[in-house]
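Once you scroll down, you'll see the structures, which are given as structure tokens.
Here come two complexes built around chain A, the first alongside chain B, the second alongside chain C.
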Partner chain A sequence: MADATLTGPATVPPIRRTSTMIFLAALAVFVLLVTLLADAGMISTSTVKLLGKTLCLALAAVAMDVVWGYTGILSLGHMAFFGLGGYAIGMWLMWARTEAIVLADMAARTLPPTPSELQDAIGSQIFGVVGTSDIPMIWTFAHSLPLQLAMVVLVPGLLALVFGWLAFRSRVAGVYLSILTQAMTLALSLYLFQNDSGLRGNNGLSGLQNIPGFETTSQATISIAFFWGSALALGLGYLLFAWVVSGRMGSVLRAVRDDEARVRFLGYHVESFKLFAFTLTAIVTGIAGALYYPQAGIINPNEIAPVASIYLAVWVAIGGRGRLYGAAIGAIVVSLLSNWFTSGGAPDIDLGIYEIRWTEWWLVLLGVSFICVTLFAPQGLGGLFDLLSARRRSGRRASYGPDTGAKRPEEGAE
Partner chain B sequence: MLRLLLALAITLIVAPAAAQDDLQAILQTHAEEVANPGRRSVGALIDDLLASDLPSVPVFLDAWQDREVVRDSRDGRFFIAGDEEDGVVTLLDIANGDEIGTAPEAALEEVRPNGGVRRVIGGALVQFRLSDPDPRARQRALASIARRPDADQIDPLRASIEEEDDAGILAEKERLLNILVARFGATTEDRIAAIEALAGEINPDARAALSEILRTEDRVVPAGEATDGNVAGTLSLPRAEAYGRLVDAELAPPGVSPAEIRDTLLANVEAGAVAGTRLADLDTDTARHAAYERLSETGRAAPFVSDEEIDAAIAAHSFEAVFLEEDEAVIDAARATLGSVERQVALNRAADLGLDALSLASIYFLAAIGLAITFGVMGVINMAHGEFIMMGAYTGYVVQQFVPDYTLSLVIALPLAFIVAAAAGVAMERLVIRHLYHRPLETLLATFGISIALQQLAKNIFGTQARPLTSPDWLGGQLVVNELVSISYIRIAIFVLALAFLGLLLFILNRTRLGLEVRAVTQNPGMAASMGIDPDRINMMTFALGSGIAGIAGVAIGLYAQVTSEMGANYIVQSFMTVVVGGVGNVWGTLAGAGLIGVLQKLIEGMNPSNTLAAQTYMILFIILFIQFRPRGIVALRGRAAEG
Partner chain C sequence: MSLLEVDGISVSFDGFRAINNLSFTIEEPELRAVIGPNGAGKTTFMDIVTGKTRPDTGKVLWGEDNLNLIGRSESAIARAGVGRKFQKPTVFEDQSVRENLAMAIKGDRNPFAVLFGRRDDAARLTEIATEIGLFGRLGRKAGELSHGQKQWLEIGMLLAQEPRLLLVDEPAAGMTPEERTQTTDLLKRLATRHAVVVVEHDMDFVRRLDCRVTVLHEGRVLAEGSVDHVTQNPEVIDVYLGR
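Up next, the complex of A and B:
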């Protein structure tokens, strides 16, 4: 394996270990706090759901950071994997719930239903909105939770594997790759918008917040359970990626980001490393999506429109790319702020001649602050922690490498 | 009807009074035929009426056909019945519809010609209308024949052709005559000649007539037996459909559907069981079938038809389509002609699709060329490019609010849109992009920030609803080549605009100092700078040019689509793909990319017109695959410039 040729000890920078510990500890404290507050009734179920969803987005952002901040591939299609994960779990949720409803409905009949009658009833329940009752092929495994959980991993993973293999093999890189990934997510969302795509067209899958088998459990309990699940997934995902980006693997990934050609000349199979990073992050993003949508309750093709993936990149950029905690913080801060502003939580400002209503002006503010971050604070929010830890900017004057995705001196920190 | 008659009457009021007496006199000589017309006897009367050449004849025929003519039994004269009130009917003159008196209802006999007679009257009327002095009336008559073609119309139509002096209507009449003769002609030779004359007609009437001749009827015959009639072909039907037809033809017993089985079982529940099987055990199809079979053995249900029996029944019959037309020679001629007509239609459809593709390609070219220039020179992707398109469109809208004359406002809006968008582009370049050189991915995201801010600003200023950008009258309407090929003038204008910009850009890039410098910076900025070119200035100029063209594209797009804050976003991904497919930094590349994407999208839509979403999906998939083979686009830069 190429790794063996890497000289020097594969030391893990201590800051990374410390930062990982601090992040996980902060996450644990946060989870405990939210649980206690929710128990005491201080925060509502919908807030718990919002926080749980935000943690899922943070996990997707961390994955995005690995693929962009560490490997230098600006994927503008990672939310497609997020959505696919959501669709995969949503199919089971919808199927199992509909089955339960149909069974309850048929239990009153004199004749017990045959399997084919059951299928027909479920089919017309689910697909009635798109004018058919036939169950499409892709729902073959929808009755089984384990199989559908496997789909959560396999579908985004396989799509990323095939797409990445095609793209990296022909050395599509830089902005070309970004646009290609954008085209992929656009094609997927357009495909899903069709009624005969088998996933209910623009109706999407709904009622996902009702977990089959837990009909009697209150939404408050379910939301806390999902919040814990999301936090656990974020913690595990963070650990996984911290491990991936440390050590020799991480060094190669960063080297690919900074100067792909040189790494290739050194004898590494660059495509494999890129494909590994792309596929692994796609899988984790899919899992994040599978945890997100049961909390959101509904998924439709709009969720994987190209703009969603750009927002994911925006979160990472604002949080500070190239540091995992930065991505998580960026996603949490921006998506919570966005929620606060758009839901009318922010007080309107009366300027006398014009009243600034934040529901209208939030996107302008986001756009402008995003430009400012890119221009004046390339290290993002994560850069603030450098001040705290009194870490100096690296002494490098020159760029990290000639590649378009490479870091620049002003982004600093390794 | 009455109102129409009155209107007609007013036009006829100048007719000499004597004429009315003449008409009444003719009717009186044939009084029996008028009052009690028979299909055979009515001919002489019609001939007399036609021979009289009176202008009032069609008025009478019309009323007669509509069963509005009455006969006063006291003196035997004929009138048109008017309004009835308390048993007293107003009498209208048969020649001009004037009120000329009243009569008690009891004294009037209604004249009710039967269907055959009315058809004869109709034929005579058609002749009048076909030779009406007003060409529009003649066209209306032709249209009504085309709607309801009929054998009786052949003779009047043929008669009217001789007197026709309008060339357009004459051609129309001859075409219609061919259609009628093809379907209803007396002899095989006549019909075949008429059918062959229809070759090359792409008109739907002609196609409908031909396919009417070729209409088939589905028949079920026992396998191996010959059908009488001209067999068009054997049908292969899906199983359920085939058996359904056998059942309809009473050639097989009706099958038992699962729902019927269930209902029968439910109807025979005895003490929690059906035919000895407990209800709880009837939860599979096999168990239900078994129970049903036992029921049918005891005669409590119709016999069960098994899958094997169904298959055997289907195999024992063949399903054939048989021509309704009996004349084989006519069928062959019609088939051959329809083939050639269909080729003609396909050719025309392709031409129409080609025009659509061309106009789509010119839109993509206009939208993408600015992006291609800035991308080529500076290596940055401008996500806010779509918002420059939007700015241009809103500029056009705002100008229209102040300048009510649409032509003038368009003349003002085009350069103004260029200036507004170019100014915005320069501002963006100076304030943001200049600081992000060598960081193309960050530029992409920063311009995305600008894009969402501009979009929301437009929404705040102009609201979320679509704003109209009205095109001047001379751009309204379509250029119609024939029934199948047409293109709206706006699309032609956009095509011309795209051509103009193609020429302009080629001129600027290849023939001016600025173009030379732009090309130099595109190829190697460092070397260009060392040759005394200021890359900073060139970047600014190209950005102004690229954004300005986007502004003009916005006006053009706004003219046929609506102006919304999201219109730019709708074009941005397509523009990217145009640039990427075409190859960066090259006008010809963008042209090739726009052409490929435009043609491809229309081609896929043409194959599956009902589903534009699918067309777009397949097109994007194609582009993703295309990039595999030509990662640098159709027209790739060579040499060092390609490395950047």
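Up next, the complex of A and C:
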């Protein structure tokens, strides 16, 4: 203890460092448990998919926490990046599967199909629903998995970079920036609703649960594989962000959140730091989306409607802003609860004169919880862990005395 | 040789001339007090030098190469070597004294350098923390410090930035007489190595600084010289001291 007082306690409160270890351990246990239960047939394939999707949402929430909770940018458009990641991987999934089907159809013919015949057949298969067989420009790389995987990172990353650069450079901040991000995701979703957007309009991309090359593999196996993939992505993403928000970068990001002008006078180019956080989190959100949609099986422009990004912010707020595990817990708890309530899992309450049907009333409940958390428990669900760790520490909460030499409560545990 | 040369700057806000053709120079090292009644343009002058406000006309020339600071961003000006101490102590209350100081220590401010650069600044941190008397409080959150300690932390952050020019806004505000003496000593000591501009309206404090004084009034220089010289100037007595 004498040493600690000499140099002062470590920069990072121990709870932050141990929280990463605890989170990863809990994630590992959860993965093991789900795998064993699925193997024993105790949980269904659709439940495994639901849990896998939930882990992807948790990753998006952790990213949202970095951009909002740490950097103070309330982005209400991050689900646009999630959707773009999903579209990018969905294009390859759809192309490769359609190609396989078309080739199988043509195999019976005496002459092998020419490349242009093949293209036409794939084109009319995919784009028949929007009344065309021309393959749009943006599908140029759809035949190649590595290129589409690059798109998963590049498209959300570039959009965030350009959008962020324009917004931050003009010093748009606070509620105006939130509105701008809402406008971005709304514009993108409206554009994708059009048939000539090249992404099949309101039909979206479907059949994404069928992984080309694994036609004979059962969905049970595929769902477990994606569940593992999602857990791995969440673990790695968590580690990445825990590293980013520790040390001097985290210090500068939190400083930008608390007093942007002061950070400028320290010589930091605030806009670059905001752009860094915005773009990095957009990329990770895109990757989360690319893992989510093969499990969901379908993506359409509704997925990137403004309300999706608002949900993301609500999860982070309920889970607890400014702590990564809080965001993950918020996303997992609220999205699973939401699923339970809206799928009729919760028993309806008959009040005699009125029956509360949770499929309708769930949103009201969510709204009320959001308001209550914001007003009465700004630390969110994550704040519960503070109560636990505070109870374990020594009970002294007040100062030891009014003199300058008296010990502060923090020093009392020696 | 002159470090900062303010050359004919003017700025108006909604028709009000906050700064009116203001010119003066600051040497390196030098201790300079800028005084003037409320609305004389003291704060606006600091805002212009630090890049927060852009003047309508005029130039602010910096350093050996006569770099024009007008049009540069606040962060670029800070990196060039202009440090600013605010009237109200502004430290990052949610972060520890150590984190506050580490952020301020001179070094590459590029985001990637900040992220990947794991430099060892323990020695420098110890040195600064000792100088400002907060060594024992390195792990404490800045928000838990007393008002005076926050002032010292902010001064420590300024020192860590290693600026060539320090702009200090009303350093004596809210300090006990003992803390004022300490502050005067510190400012004088700093002025042996740096250029220090103290904006103040407490005449006693300025007198104790015992340095060259520039009196501002209605956005221009009314008088300049030693404390005794300016306090005997009839115009100065009229607009400022007479009140």
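Definition applied: the second predicted complex is superposed on the first by the 378 of 414 C-alpha atoms of A that agree within 3 Å, B and C clash if a C-alpha of one lies under 4 Å from a C-alpha of the other, contacts with A are read in each partner's own complex, and residues count from 1 in each chain.
One rule holds in what follows: a residue touches a chain if its C-beta (ideal position, glycine included) is under 8 Å from a C-beta of that chain, and two chains touch if they have at least 3 such contacts.
What you see is a predicted model, and the numbers here were worked out from it, not measured in a lab.
In the superposition on chain A, contact of A:Leu375 is made with chain B only, not with chain C. Once the two complexes are overlaid on the shared chain, A:Ser170 sits against chain B while remaining clear of chain C.
In the overlay built on the shared chain, the residue A:Phe193 is in contact with chain B alone; chain C does not reach it.
Applying the stated contact rule after C-alpha superposition, one finds that A:Ala255 touches chain C and leaves chain B untouched.
In the superposition on chain A, contact is made by A:His269 with chain C only, not with chain B.
With both structures placed on the common chain, the touch criterion links A:Ser206 to neither chain B nor chain C. Looking at the shared chain after the overlay, A:Pro113 reaches chain B, while chain C stays out of its contact range.
Comparing chain B with chain C, more residues of chain A are touched by B. Against chain C, in their complex, chain A makes its touches with residues 4-5, 7-11, 244, 247-249, 251-252, 254-255, 258-259, 261-262, 264-270, 272-273, 276, 410. Chain contact summary for the complex, chain B toward chain A: residues 258, 262, 265-266, 269, 279-280, 282-285, 288, 375, 379, 381, 383, 432, 435-436, 438-442, 444-446, 448-457, 459-460, 569, 573, 576-577, 580, 611, 613-614, 616-617, 620-621, 623-625, 627-629, 631.
Contacts from chain A toward chain B in the complex involve residues 68, 74, 110-117, 163, 166-167, 169-172, 174-176, 178-180, 182-184, 186-187, 190-191, 193-194, 306-307, 310, 313-314, 317, 360-364, 366-371, 374-375, 378, 399, 404-405, 408.
Only residues 50, 52, 73-76, 78-79, 83-84, 86, 90, 92-99, 102-104, 109-111, 114-115, 117-118, 135-140, 157, 161 of chain C touch chain A when the two sit together in their complex.
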